[in-house]
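Here come two complexes built around subunit A, the first alongside subunit B, the second alongside subunit C.
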Partner chain A sequence: MSMNERNAKILTTMLALPALLPPAACLSYILFKGIPVLDWAMLIGSSQAIAFGSISTLWPQITGSILLMLGACALAAPVALGGALFYALAANIRQRQTLLGMMHLLVGIPPIVYGLCGLIVLVHVLHWGISLLTGMVILAVIILPMLLMNSVNAFDRIPGGKTEAARALGLSNGQLIRRVWLPVAWPALMTGLLLGMARALSETAPILFTATVFSGVVWPDSLFSPVTSLQTHIFYLAQEGANAEAVDIAWASAVILVILVTALSFGASALRKIRMDG
Partner chain B sequence: MNTKKNKITTVPAELPQQVAANDAGDTSLHVSKLSLALDGKNILRDISFSLPAQGMNILIGPSGAGKSTLLRCLNLLHSDWHGELRIMGHDARCWPEGEDELRRSIGLIAQKPALFPCSIQQNIVFGLSRKECSYMPQIRIEKVLKQAALWDEVKNRLHDHAATLSVGQQQRLCIARALMLSPKMLLLDEPTASLDPRSKQFIETSLLELAQNMPVLCVTHDIEQAKRLGGQVIFMCDGHLIESGDSKLFFKYPNRIESREFLRWSVCDCS
Partner chain C sequence: MRASALISLIVVMLMLWFLVQQSWPYWQHYGLGSFVSGDWYPYESLFGLAAAIIGSFWAALIALAIAIPTGLAAAVMSSEILSGPWRNLIRGSMELLAGIPSVVYGLLGLWLLLPFLQSSLHLLTGHNLLAAGLLLSVMILPTIMVMAQDALSEVSASQRDAAASLGMGWSARLWRILLPQAWPGIRSGILLALGRALGETMAVMLVVGSMDRIPEPFYNLLSPAQTLTSRIGREIGESAFGSMHFSALMACGLLLALVTIAISLLAHMHTDSARAT
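Our next item is the complex of A and B:
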């Protein structure tokens, strides 16, 4: 490596550092503060003592977060897939532009606005109350544009030759989707889904006043019951700065949340490496 | 280039250069006044020709002439054309079993082999329904692979992933896959482009054998290959069918100035 190349490498590394260091420092601090207070009892222990600041387990919060995430993805993924198939197979240029334009617009809306809409429409007008279902629907609406655009890109990246070859063999639209598009595009579709799950797991504001309560819930009785979640739990506990035990639990909750999101991101990253042409 | 230039001589126009466009007798494909515009641009203009029930047909012309688009129209991959297309005497737009079934009857092989992410054998039977696959004997797979001149190379590795084949083998696999559907004709879009001479020879031999039983329409830019394959030549330029006829006559006595220019320089300037 010549001197110039080495200097260029050092320079570009230094340019990248501001982007890498703050998140790395933040993550390290979360792990530093959270890991010492984490123990198995906290993860899977009894949930009897759920008084403020003396929570013995985070299990209800973990399951609440996962239920919200899975529900949101279950609602949003079929709609996103259907929208992407409409875009790829049936939409004309104007419909495509409208659909993508709307998705770009929806991506830009702050999640708290969705939360507000959910509070007014779902909680008050439809009387769903602060519930698991309300949270799932709101999170589904938030991740839908991301999932749809990812699905559109996944189908766009399928080599045109494969589609044409399948059509030339007389495959109908249904067969084309089932036998060519989905098998070829599934890594990209799953990548998007995992990133959508990570996004749903990270959102706090929209579920703060539509789906979650601080305590009193271990397992929701029905879709219309409120839940507790890791995200909102951190929010509530962090407000209790004077209570050291509460802050410790907030750090532990943060570590669990980071682990869940990181696992999803690693899963997405692994799928991205699978070549689309198999 | 000069040698080629000297060989080309003009013959009187009364020689049978134009293939009859309205003979419905022993034809498997009859195209009449076929036109296509894409994004406001005329790609094909009043194309008329017929293909006999069997034999080799070569479609040549400069890049952008509309050759590949024409193949896609014949297979109904482009369906917004105007004009008439009759296949085996039936109007292609009113094919009794529908467009998908019509496409199964017309094997279309693209320039770049497009295989599906599965084994060689699964690729061969890809166009078949599950029911058809269940009673499809192995001997049929062997037959189409032999027709595509690929059997000897893959007979011991039918369950290997199709991506393990060379590009030439992949192209022959695409031919075998199309043959598996017992097509009534074969359309090929530069099937040997960017292949080595050996693979090219395999494919040419296979096409000539297939052409004894069905019409084969092959797009090529390779004039030498067109001469080797023989049969009928259809020459297109700028969306028009300029000239068509027996290949020996066409290459020796091109009738139109565009054809002569193309053969001379392999470049056509229609403006």
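Our next item is the complex of A and C:
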């Protein structure tokens, strides 16, 4: 190894250091601040005294976040699957280009813009108000492009021989999908779904003014009532600088949220390891 | 199945249509002059966009200035210097970083970064564009790093072998072969990261200070400021549907949507047409 080469490598490493330290630092700081505050009563307790900043249960926030997430996935997944099947089976090149291009556009639009559109259309024009359903629909639209592109990729990676063999045996489109494609592609499809769930759990800005309130909801009465969520709870409590207890609860909520999101991503990575040609 | 494809097309069109329709009263009343004026006082019906546009610009610029060199260096290190397990470790930690929700970054920024900035730079308040930029740089780092690493690893082995057999040194190979070959992918990563930085709301909103004022002088990054996203997030809740204030906020949203759409078009111009065939 020449002198020059070594210097270049050392320089690269020095430049890269700021990129290598933050992940560990961020994560350990969140855990360091949040873990001491957490206890079981806080997770599953049923205390309804959700006074500003007082130690109380985070259960309503957790259920709110999870309800929003599940609703968003239930709405987006079928559309994504349908779109990907259209891409794989029926679309010509022009349609494929349009569809992919559209998805890339949708991914690029900031979530808060979806929030604004949801505010206009769902909250005001359709009179759904600030509600669980509004949040579900907005989050569904936000995760749709990544779900759809992931499904497209999943079907793309199916070995061509399998499809040809199925066709040669005279399988119809429906049989081909059910008997050949889904059994092969399900790990990849599930990976996408888990990542979509993680994304839906993380988004805060678009539901801040369309789906959630600060407190007072334990279990939403209907799809048309507002909910509380972990994400927005962190946002509200973080700004209570004068109230150290409130900030502590924000850290505890952050720990729960990060654990949920990380668990989903780990699940996704585990599924990714299942080979598709097996 | 065709319906699903149509749905997504219709969604984009409808979104833009509603943003234009709701912001129309604002554009009609204030016109293009609103881009020049920095005065934003909703109670006096002054809605100038300049302060927030400049704020967004600076925050994104700081973020890119930090994230591009470090992200690229991390990608090069990961794909060209390190081997197997270390590479996976870095990749995994980037994915971890990408998975942390933006509001949690905001919490970190507010209670870790701001006190640090405040004491080390002797400021009255740590709320400023520098803090927003620093926070954003950590948030967009994974996008740049992961896309650059993918692009670098796709440079074919025969090209590497050819470069090595010509006697090119490590840095010559890096600058003459690897980076130019990987550039389309790196460029897309940078553009996507820029779009993300411009559109990021929660983290920026918590640390930027939400002060509607053009920085004075314009390169003063150490006083409280405002970005397009933080303005929307702060004020949308208190503006009445149909009022001029609401319309002005929708104008901010429309601006944001158009700029980010242009950026993603640039980022994907070449890749899409090659892919679908």
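Just so it is clear, the second predicted complex is superposed on the first by the 258 of 278 C-alpha atoms of A that agree within 3 Å, B and C clash if a C-alpha of one lies under 4 Å from a C-alpha of the other, contacts with A are read in each partner's own complex, and residues count from 1 in each chain.
Keep in mind that, in the parts below, a residue touches a chain if its C-beta (ideal position, glycine included) is under 8 Å from a C-beta of that chain, and two chains touch if they have at least 3 such contacts.
If you're wondering where the values come from, they're calculated on a predicted model, not measured in any experiment.
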| item | value |
| --- | --- |
| Clash-or-fit label for the pair subunit B, subunit C on subunit A | fit |
| Subunit B versus subunit C as contact partner of A:I142, first or second or both or neither | neither |
| First, second, both or neither for A:P183, with subunit B first and subunit C second | first |
| First, second, both or neither for A:M102, with subunit B first and subunit C second | second |
| Touched partner set for A:G170, first subunit B, second subunit C, both or neither | first |
| Subunit B versus subunit C as contact partner of A:T262, first or second or both or neither | second |
| Subunit B versus subunit C as contact partner of A:T204, first or second or both or neither | second |
| Angle at the Cα centre of subunit A, taken between the Cα centres of subunit B and subunit C once the superposition is applied, in steps of 10 degrees | 100 |
| Contacts of A:K162 with subunit B and subunit C, given as first, second, both or neither | first |
| Residue contacts on subunit A - larger count, subunit B or subunit C | C |
| First, second, both or neither for A:A252, with subunit B first and subunit C second | neither |
| Subunit C versus subunit B - closest C-alpha approach in the superposed model, Å | 10 |
| Doubly contacted residues of subunit A, that is, touched by subunit B and again by subunit C | none |
| In the complex, subunit A residues that touch subunit C | 2, 4-5, 8-9, 12-20, 22-24, 26-27, 29-30, 33, 79-80, 82-83, 85-87, 89-91, 93, 95-114, 116-117, 119-121, 124, 141, 144-145, 148, 198, 201-205, 208-209, 231-232, 234-235, 238-239, 247, 250-251, 254, 257-258, 261-262, 265, 269 |
| Subunit A to subunit B touching residues, read off their complex | 159, 161-162, 164-172, 179-180, 183-184, 277-278 |
| Contact footprint of subunit A on subunit B as seen in their complex | 72, 75, 77, 100-104, 106-108, 110, 112-118, 126-127, 161, 163, 174, 177-178, 181 |
| Subunit C residues touching subunit A - in the complex, by the definition given at the top | 1-5, 7-9, 11-12, 14-15, 18-19, 22, 66, 69-74, 76-78, 81, 90, 93-97, 99-108, 110-112, 138, 141, 145, 169-171, 174, 192, 195-196, 198-202, 205-206, 229, 232-233, 236-237, 241, 249-250, 253, 256-257, 260-261, 263-265, 267-268, 272-273, 275-277 |
